[in-house]
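Alright, structures below, take your time with them.
Next come two complexes, and both contain subunit A; in the first it sits with subunit B, in the second with subunit C.
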Partner chain A sequence: MATLQQREMRAGYLFILPAYIIYLAFLLLPMLAALGLSFAQMDRISWDIEWVGFENFEWILSDPRFWKTFRNTFYFISMAVIGNVGLGLLIALALDRAIPAPILYLLRLAYFLPVLVSLAFVSFIWKFLYSTDLGVINYFLRQVGLSNVPWLTSSSMAMFSVVIMDVWKNMGFFIIIFLAALQGVPRRLMEAASIDGAKGWTVLRRIKIPYIAPVILFCITYATIGGLQVFDSIKILTDGGPGDATRSVVMYMVSEAFNVGDLGTGAASAMILFLTIGIVVAVQFGLVRLLSFKGRQ
Partner chain B sequence: MKHLLSTLTLIAGLTGSAAIAQVLSDETATIKITQWVADDVLAATEAAIERFAEKYPNVTIDASYVPVGAGSWGEYNNAVINEVAAGNAPDIVGAAIEGFEELGATGVLMNLEQIVATDEDAQAVMAGIEGNMLDGMRNKGTGELNFFPTQWNNIVMFYNKDMFDAAGVDYPASDWTWDDFLTTAQALTIKDGSGNTTQFGYFVPGFNFGIQPWFFTNSASILDEAWVEPTVTAPEYGESLQFLSDLINTHGVAPAYEPGVGTEKFTAGQVAMFSAGHWPVPSIRDAGMENVGVQHMPMNTVQTTVFGIGGLAITKDTQNAELAWAFLTELAGDEYQQGLADGGASIPSVRAYATTPEYVAWPDNSEIFYETAATALPVPSPSNFAQVQEISDRYLGTFLNGEVSLEDTISGMDRELQRAMARAQ
Partner chain C sequence: MKPAVLPENASFSHRLQSAMRVIHWRNWVVVALLVLGAIIMVLPFLWTFSTSLRPISEAYRLPPSFLPDQLDFNSYAELRDGPIPFLGMYWNSFLVATVVTVSVIITSAMAAFAFSRLRFAGSNILFGSMLAGLMVPPALVLIPLFFGLASIGAIDTLWALILPALANPLAVLMMKQFMQSQPREYEESAFVDGASYWTIFWRISLPQMGPPIAALSIIVFTTSWNNFLLPLVFIRSFDAMTLPVGILSLFGSYGPEKLSVILAAVTLSIMPLLVVFLIAQRFIVESIASTGIKK
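Right after this comes the complex of A and B.
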């Protein structure tokens, strides 16, 4: 006769079983398959498989295009994190004050609305806006006497244009998170600071930012992981071009696996990306722990 | 062996019951068909399903459609191959010529040659199609006829006659040259007082199919005739690229290169000419433009253009080969051809439907659409088409926007294409 504790434990395992089956079927098994594929050459149709050891990794790591896509991805991440998290934080701080309710709601809605719209849809609209000779943005630039900006047609400009759209699209999400965190700063802390004579910049630097530091780090981590997986917006806006100027690691991975039909190199690049995400997240989580520890001291 | 048996069964079935389509069948089955997303394809398929249901009331047609973004047939091919690879192969596959070799190379498609030979209706369709296009349908590697023809398209020059009239420029002649074209495009390019261009003469096609005539009319191509060896190092290929680049970067008669056909630029009055097939005709009419003409592509060394043809194939693993063929011929038959002609988005593959007075009534000079069928060249579509298209798009994008020199473009393309073609063999 099982004890109550054992029966509860069994029931608990049964409750989480469906979620684990889904996890196994759709996440863990494909990941293990990708790991296996990264050491093999496989025909998509016949499923003939040949083990090639580290050959796929050697091929990728010696392909300058792979490194180019890696640089592109990290450039995108750095700019997108600064834009989404940095600008998002600044706007959240600006909104975290006594503003008439209707205006506050309007501003929040204005910033959050792009988050709700389909990325594919807005990408097409931005593509039209960005058109060099026939786009709306350059039309207005010309009206004020400026020359055309090659938003999507210049290698040096295209990724920045992608970042602008990404920040416009996603910043609202981070604003809402920061606003919630800022409004969670204890009132007593703010009152005590006020009594001690602390004003705007000091309150921000000594109380608000330290208090929401874990949230900021969460947002940086979240934006970084999203940046590492960037695909759809670039696919629609530039398809990775001009040349490889905006091609991300994920686009390279998809191209190798499905355009070239080389599932092995596609899987190997996925493994390298997976490892990179793991390292980046570990570093950021380490920072969170470090800051939390310092905060407690 | 199983595949051979299914083909033989299909042939036996067809010869055994010549009037297969006339008999109300009580067979029960589901036929899966995968095609690309296009208004005319959807409408024709729905109509064919209704007609088929009258003859085969217990057969369900499960139609699915895959989008083709910005003329990227490589992505469509990949989607179909992935469907097959996942063990979810449809009974019938639709594809454009860009997919004939790539899908054929998977070895999952039936050879329809013998089946067509035993079906009088199918033979009648084949007999009504230009021999040049039928040659383009056979797999270059195996010689097999994997696809039964449905529709086709080529590339011609669309021009806004109102803009020509306003600029006092003669409409293009059928034998116009690249020099004539440049002079015309310059005359049609308008700048405002500040020097900003308000109307461009031409839109350089930002899609693989559309740009091919600029190579073909200069006796150049990305690959040799067998679609095996890259030929981008030929001086004519570089000359074509330089001409297109000069239109944008030197003469300023075309806007910056960007992916796309340019139809919306044409209908918005931003460009006076653009190159496309018959498919933009409905949208140009919908935009309210009436005064539009078409002309052959201008030539440098030879007058020709590109063509691409669409078709339907049956997969070898189908459990219902006879029914699949019955639906395929229903879909590609007379009603389908008439539907294509009525819709106007593609050119019916059968000459009789593509040359009626109604079909060639608009835009002006529409006779040239079918006229080119005898001489047009098939779009290079090797068995690794998706990869070749990706390489070409990538290099053309940087070169045509003046980012990379012609020499670096040619050498980079050649290096990657050599490797890609060697791997494909």
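Right after this comes the complex of A and C.
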């Protein structure tokens, strides 16, 4: 007869067993395999593995196409973060006031609607909206006397168009987060400020923004991590084109591994992506500590 | 000024009118801008729906419509009868999402029960190692997964979409947080009465967590329904294809000429999400606001 303690321990292991086995098999081991593969060359047919050290990384880092996709991705991130976090904060601040409940409900609904729907599905919609001659957006531009914009077919415009759709799609998520954070700002702080005669702008700059600064930082990090993995929207809207103007790092990885068939290079580019995400997270942790240190002074 | 107290059965427009009176005029400028923005947010969906109801030959006719100006269901009939088995893909998406959701909820609830209620050696290390999985982008494990799934013959079957989606450390984390906020008294008294751990979990812990399980189910289901990268790489044949990639191949075979057919497919694909969302808006928004996590 096992003691109570032993029974509890055995039950503990049995209860985590299913989730943990699945986690090991489909996440942790594949991750380690990806790490291993990035230092190897693997034959697609025979699955023979040959260790090559840092050769894959050297190859990638000297491939101008990789740098092009890396630059594209960061170009996308910089604009998408400004759009999503900036506009999201602006709209959250606008929503954070006395608005009749039914209107607030409908507004929240409208802004949040695209968040739930897959990027893949909305990308098809926008592909048609963006169409140069027959698209809806250009139709309205012509109505007000402007000329057609080559949204997806000009290499200087295409990434910007991807960003517009991305902001439309994801902004609602950040609005919800900011709205929740703004509602957490203590009332007494705001009341005290208004008694002291502070106007709306001062309250915003001196109380609201500093109070939700950690949340803003979190959102920037979150949007950056998401942006580093941008794939679905670009795949459907432009398929990386025109030329390589919108090709992202994940698209480079997928095409190296599954079209070119160079698995080692694919895995190595995935590792570089993973490292970049690690750096972004580390920087955020550092900034949060800095902020909370300043806050205590 | 105080808002007037309204009877419980006041109509929507009554409530609206009484609410409007208490608003400062300056706020109306902001509200007007917000409403304008909200309309722009919704227009692409309205256009999609309206255009899917136009005859196939008139889909591109300008001006575009945002409210259905015609009721022509030929595009939908084309989806049913056309060469691409759209209904089969719909079923695949539904099947995969359902299996994934049920399995993830049960396994993550079990793990959360162990992590939040039972004491066993190494539980912190095991939990920490699962949290590490949150950092792993799906793209990173794509290549090893492909070969792992190929070695068990799962590529180009629904299993290739189900199995990787079962690993969901986020669900374990959220479940654990939900469970820790629940009172333990019932569980403890059941334990004193000699109930087994499984009975306590199945009969007491799980039923307590109705709302969070509903919210998490919706998140897991939509994540699976919306998945694009995995099926794009793992699935080749129509038999095992799910909706996002299915529409891509629909697009490939019909081309942009049959715009309304593609938009009918998109309308049908986003319909379940919108319905679920309208029903459960409160759950979803609150669970996102409280955890700050979406998938």
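By definition in this document, the second predicted complex is superposed on the first by the 274 of 297 C-alpha atoms of A that agree within 3 Å, B and C clash if a C-alpha of one lies under 4 Å from a C-alpha of the other, contacts with A are read in each partner's own complex, and residues count from 1 in each chain.
By definition in this document, a residue touches a chain if its C-beta (ideal position, glycine included) is under 8 Å from a C-beta of that chain, and two chains touch if they have at least 3 such contacts.
Because the structure is a prediction, the values reported are computed rather than measured.
Visitor: Taking subunit A as the common reference for superposition, should the pair subunit B and subunit C be classed as clashing or as fitting?
Guide: Clash - subunit B and subunit C, as placed by superposing on subunit A, overlap.
Visitor: Is A:I279 touching anything from subunit B or subunit C once the two structures are fitted on A? First, second, both or neither.
Guide: Touch status of A:I279: no partner.
Visitor: For A:A192, decide between first (touching subunit B), second (touching subunit C), both and neither.
Guide: Neither partner.
Visitor: Once chain A of both complexes is superposed, is A:F258 in touch with subunit B (first), subunit C (second), both, or neither?
Guide: After superposing on A, A:F258 lies in contact with both subunit B and subunit C.
Visitor: Touch test for A:A19: subunit B only (first), subunit C only (second), both, or neither?
Guide: Once the two structures are laid over each other on A, A:A19 reaches subunit C alone.
Visitor: Touching A:Q229, do we find subunit B (first), subunit C (second), both, or neither?
Guide: Once the two structures are laid over each other on A, A:Q229 reaches subunit C alone.
Visitor: So, does A:S131 touch the first partner subunit B, the second partner subunit C, both, or neither?
Guide: In the superposed model, A:S131 contacts both subunit B and subunit C.
Visitor: Just checking: does A:P102 make contact with subunit B only, subunit C only, both, or neither of them? Give me first, second, both or neither.
Guide: second
Visitor: Which partner, once the models are overlaid, touches more of subunit A's residues, subunit C or subunit B?
Guide: Looking at subunit B versus subunit C, the one contacting more residues of subunit A is C.
Visitor: State the stretch of subunit C that overlaps subunit B in the combined model; pick it from 23-31, 149-157, 203-211 or 275-283.
Guide: 149-157
Visitor: After overlaying the two complexes on chain A, where does the subunit B footprint on subunit A coincide with the subunit C footprint?
Guide: 47, 131, 134, 258
Visitor: Would you mind writing out the residues of subunit A in touch with subunit C in their complex?
Guide: Residues 5, 7-9, 11-13, 15-16, 18-20, 22-23, 25-31, 33-34, 37, 47, 91, 94-95, 97-103, 106-122, 124-126, 128-129, 131, 134, 136, 139, 168, 172-173, 176-177, 179-180, 218, 222, 225, 228-229, 231-232, 235-236, 250, 253-254, 257-258, 263, 266-267, 270-271, 273-274, 277-278, 281.
Visitor: If you look only at subunit B, which of its residues touch subunit A in the complex?
Guide: Those in contact with subunit A are residues 70, 74, 78, 81-82, 84-85, 106-108, 194, 196-197, 200, 255-259, 265, 268, 270, 384, 386-387, 390, 393-395, 397-398, 401, 403-404, 420, 423.
Visitor: With touch defined as at the start, can you tell me which subunit A residues reach subunit B in the complex?
Guide: 44-45, 47, 131-134, 142, 145, 148, 150, 152-155, 239-245, 255, 258-261
Visitor: Which residues of subunit C touch subunit A once you look at their complex with the stated criterion?
Guide: Contact set of subunit C toward subunit A: 12, 15-16, 19-20, 22-24, 27, 30-31, 33-35, 37-39, 41-42, 44-45, 47-48, 60, 62-64, 106-108, 110-111, 113-115, 118-121, 123, 126, 129-130, 132-133, 135-148, 163-164, 166-167, 169, 172, 197, 201, 222, 225-229, 232-233, 243-245, 247-248, 251, 256, 259, 262-263, 266, 269-270, 273-274, 277-278, 281, 284-285, 288-290, 292, 294.
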